[in-house]
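Both of the next two complexes hold subunit A, though its partner changes from subunit B to subunit C.
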Partner chain A sequence: MKHLFFARRITTFFVIISALFGFCSVSASSDTPLDQMKTSVEKLLEILSDDQLKTPEMQSERKKRVVSVVDGIFDFHGMARSSLAKEWQKISAEDQKEFVDLFSKLIKQRYIGKIDAYDGQKVVFGKEIIRGERALIYSTLQDNSSSYSMVYFLKKNQDKWLIINMKIENVSLVANYRSDFSSIIRKDKYAGLVKMLKDKVSGFKESW
Partner chain B sequence: MKKVTVDYVVGLFMILGFLAFVYLSLQLGEFSIFSMEKNYSVSAQFDNVSGLKEGAAVEIAGVSVGRVSKIILGEDDLAEVTLLINKDVKITMDAIASIRTQGIIGDKFIRVFQGGDSEMLKHDDVIWETESAVDLEKLISQYIFGSAQEKSDE
Partner chain C sequence: MNIYKLPRKNTSFWLFTIIIGLLLYCPNSFATEAISGGPENLEDMEWLSSEESSGGVENWTAKDDTVLTADPLEPVNRLFFHFNDKLYYWVLKPVATVYSKVIPKDVRGSIRNCFDNLLTPVRVVNNLLQGKVKGTGVELSRFVINSTLGIYGFGDPAVEFGLEPQSEDFGQTLGTYGIGRGVYIHWPVLGPSNIRDTIGLVADSFLDPLAYIVSSETFATAAVYGGKKVNEISLQLGDYELFKETSLDPYTAVRDAYQQYREGQIKDLSSKEKDNSKHARAAVKMGLVAGNYMLNGGRSGFPQYHEDDSIVGESAVDESTYFIQVGTFSDPDQVDKVIDELSSIKINPVVKVYEREDYSIFGVQVAAGTNFYMAKKQEIQLAAAGYNGAFVVTR
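Up next, the complex of A and B:
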């Protein structure tokens, strides 16, 4: 059952890529988190369906635009801290900075690097729940044959709502990294984790 | 006079026995009035808590650190679960609570993944990030339905 679940999760990850980078930062302070999300998805679809950007020469420009959007709506610092869990408090400020950089590159490489997989999937938003500085947004990603539930956890940072975690088919992204990282740290210490992350993102262009 | 003393002793014995019984039932019961001194409560909101019962264990790294004291239907149709956590155990603000099963068909319990926040949860705080109970039937039907779809696409 676990294997089945895992296989399903991998497939899901591939399919949701398109939705992941679908959130732009353009927003007014009065907007609700859901309004911000909706504007972002529209922006994303605009970039993705722009024929001019589909040519091979424009590939890097297309990725750049998507990344600039993603940088504005994900709280990579919060996600990295949350994923590293206890170890975060033990490392120095410089190491923390380095880790955030590696982590954000890892996420971008893993999900945004596959934007070409986008094939007309639709994002349908459901309810939003706001409790003070935190919010939850429910959405469904609809493919031709199946749909996947996605829940975003957002936190208000000054006037902007930033994504601090997401759940795809009830699997939490941060929880997943948290358990992966902690088992690597137990085995190879923090230095081992950094080395592994560096190896993984080595092929990642600096411009991203 | 002697009879009165015996009566007193019997009465005292009865009262002691009764008190012992009350203490025992409070200690073993689902809710203990003594528990509030040793524990603090935090709540967590889940989409689905199917199979989770009051009294279920709360674990960190497989170690029991508390239990579920109340499950109610809260705002926005979310299940609101109140957890009683041992006072000695501190849980980070960004901890993630997930409902897991002991074995494949075992009891449901709540597993808490500690986060990296320096702020700790206080009495009556909320664990915001949660993973709901895994719906096996849904997964199976998705798998079967999904594979049928893929085949028809070929």
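Up next, the complex of A and C:
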């Protein structure tokens, strides 16, 4: 029955953004990563609860605004770079740019794809630990009677803290993609990876 | 009251006392710890203090290569992965979809709770095997509360008491004993596993009451386990699809996620606090006080206090057994700030330094005497003063 327990943990991957919505009380923004994250969450909540944006003709506008907030929280460039590991240095600057774009679409599909499925999950932010340009934020996601641990890894980028990785129940997002990508690269080289990524992304019903 | 009139030989009385004791002890010690966040993973802390790596590529896992090479059964595993995939799309998903339309979500959640409750023996035994006294107590308390208040385990009121499930299985127990995970195996129907966890699964099945209830009839066994699986899947429809859709090689992604997830479980990274001997000591103390209460013929076994709440006969700070951890900080300035705040309300904290490889973490603590109950009382007072994360620790 282990598979079941495991499958339930996998579930947490997909409620991450809903998780972000769970936190309500936000005070004035200041410099700590936790405060910045709370501010972004408040913005997201505002967009999602805006009745004017819920009409079918405003869907693209709503999506655009959500993406603009999410783009401000995640360091997709850094995440993409780490997920490619050694391969990153071998590809050209244009290829790197293209890869970041494809990778960010993949992440957004996994994490924002479930945006409308938000179902009352709650997030309790725990402690934050800051060391220089790096920070960790601990939080717990509560879903029905289950709770899951989430750790955000942030890096300071020109006075702004950006998420460069997260671990849900100890499963690291970037490490998971890294092993996924490297198994493809070993077989089909980088070209094969990009081709697969393009196929995946173009296959999404709605792209973020 | 005469001590000899106490119902000392009445087993149900003692059982009741023990259960009440567990119930009293566990929620209290849990409630205030929830805020402190998870225990720190050493790898995460290392990342936090590491220097910028070349080209900005973060090495998120040092075990990449070992994870990749430990899959000699890959061709067979992929076959079974494919089989499970088809089983999901052709059988389980259609059944679960219909089931989820007929049975409301709450009911399905209750059914899952009931199945979980039945697995209490597995969790209790494995908590014990890992020396987790507190976890064992929490699981026993959960079983008592959920089987009674929760009506045969369909509800989970124990969570309201701050009793979170303590998920432990024999695979994890073997892991904590230092046994490696061995070759990765993707079983048909059961899904991702490895040698160690498979041994664990077999061992745990002897503690699964369900196996004994239905094992006499093959059809009934299949029906019950099938029903359990369908119920589980009905609560997470769409998740597997999205995971598969957003990974390039779903087999590798599942394998990697499974290994990482199990490592985290073995290290207890998701639980709120490490279960260790301090809880054993607190439980023993609890037992002593309860025993004292009995021997005193119903009179309080609690120590006597002065008017200012200090304990008669024991008050020196430097002899304190219990301390209240107000918070942990990596920034010395923050430590100074908290010390100033505490001083302003006439509390004199001490700072405990946790040495890490190339940095330190400062724990601001307040001495709380040698009595667990007094320490708890002070913890509540501190919480009332705004220090929500305060909790009792021992030295």
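Following the convention adopted for this analysis, the second predicted complex is superposed on the first by the 182 of 208 C-alpha atoms of A that agree within 3 Å, B and C clash if a C-alpha of one lies under 4 Å from a C-alpha of the other, contacts with A are read in each partner's own complex, and residues count from 1 in each chain.
Note that a residue touches a chain if its C-beta (ideal position, glycine included) is under 8 Å from a C-beta of that chain, and two chains touch if they have at least 3 such contacts.
It should be emphasised that the depicted structure is a prediction, and the values quoted were computed from it without experimental measurement.
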Combined model on subunit A where subunit B meets subunit C, clash or fit: clash
Which of subunit B and subunit C A:Trp88 touches, first, second, both or neither: both
Residues of subunit A touched, compared between subunit B and subunit C (which is higher): C
Which of subunit B and subunit C A:Gln158 touches, first, second, both or neither: neither
Contacts of A:Gln52 with subunit B and subunit C, given as first, second, both or neither: neither
Which of subunit B and subunit C A:Ser202 touches, first, second, both or neither: neither
Which of subunit B and subunit C A:Arg134 touches, first, second, both or neither: both
Stretch in clash, subunit C with subunit B, out of 171-179, 207-215 or 297-305: 171-179
Those residues of subunit A which subunit B touches in one complex and subunit C touches in the other: 1, 4-5, 8, 78, 81-82, 84-86, 88-89, 127, 129, 131, 134, 144-145, 151, 153, 164-165, 167, 170-172, 174-175, 178-179
Residues of subunit A that touch subunit B when the two form their complex: 1, 4-5, 8, 78, 81-89, 127, 129, 131, 134, 144-146, 151, 153, 164-165, 167, 170-172, 174-175, 178-179
Complex contacts: residues of subunit A adjacent to subunit C: 1-11, 13-14, 78, 81-82, 84-86, 88-89, 106-107, 109-110, 113-114, 117, 124, 126-127, 129-131, 134-136, 138-140, 144-145, 147-149, 151, 153, 164-165, 167, 169-172, 174-184, 193, 196-197, 200, 203-204
Parts of subunit C lying in touch with subunit A, wherever the complex brings them together: 34-38, 40-41, 44-45, 47-49, 55-61, 64, 67-68, 109, 113, 156, 159, 164, 167, 169, 171, 187, 189-193, 197, 201, 225, 228-229, 232-233, 235-236, 238-240, 242-243, 245-249, 252-253, 255-258, 260-261, 263-265, 267, 269-270, 272, 328, 330-331, 359, 389
Subunit B residues within the subunit A interface of the complex: 47, 75-76, 78, 92, 94, 96, 98, 104, 113-118, 126, 128-129, 131-132, 134, 136, 139, 142-143, 145-146, 149-150, 153
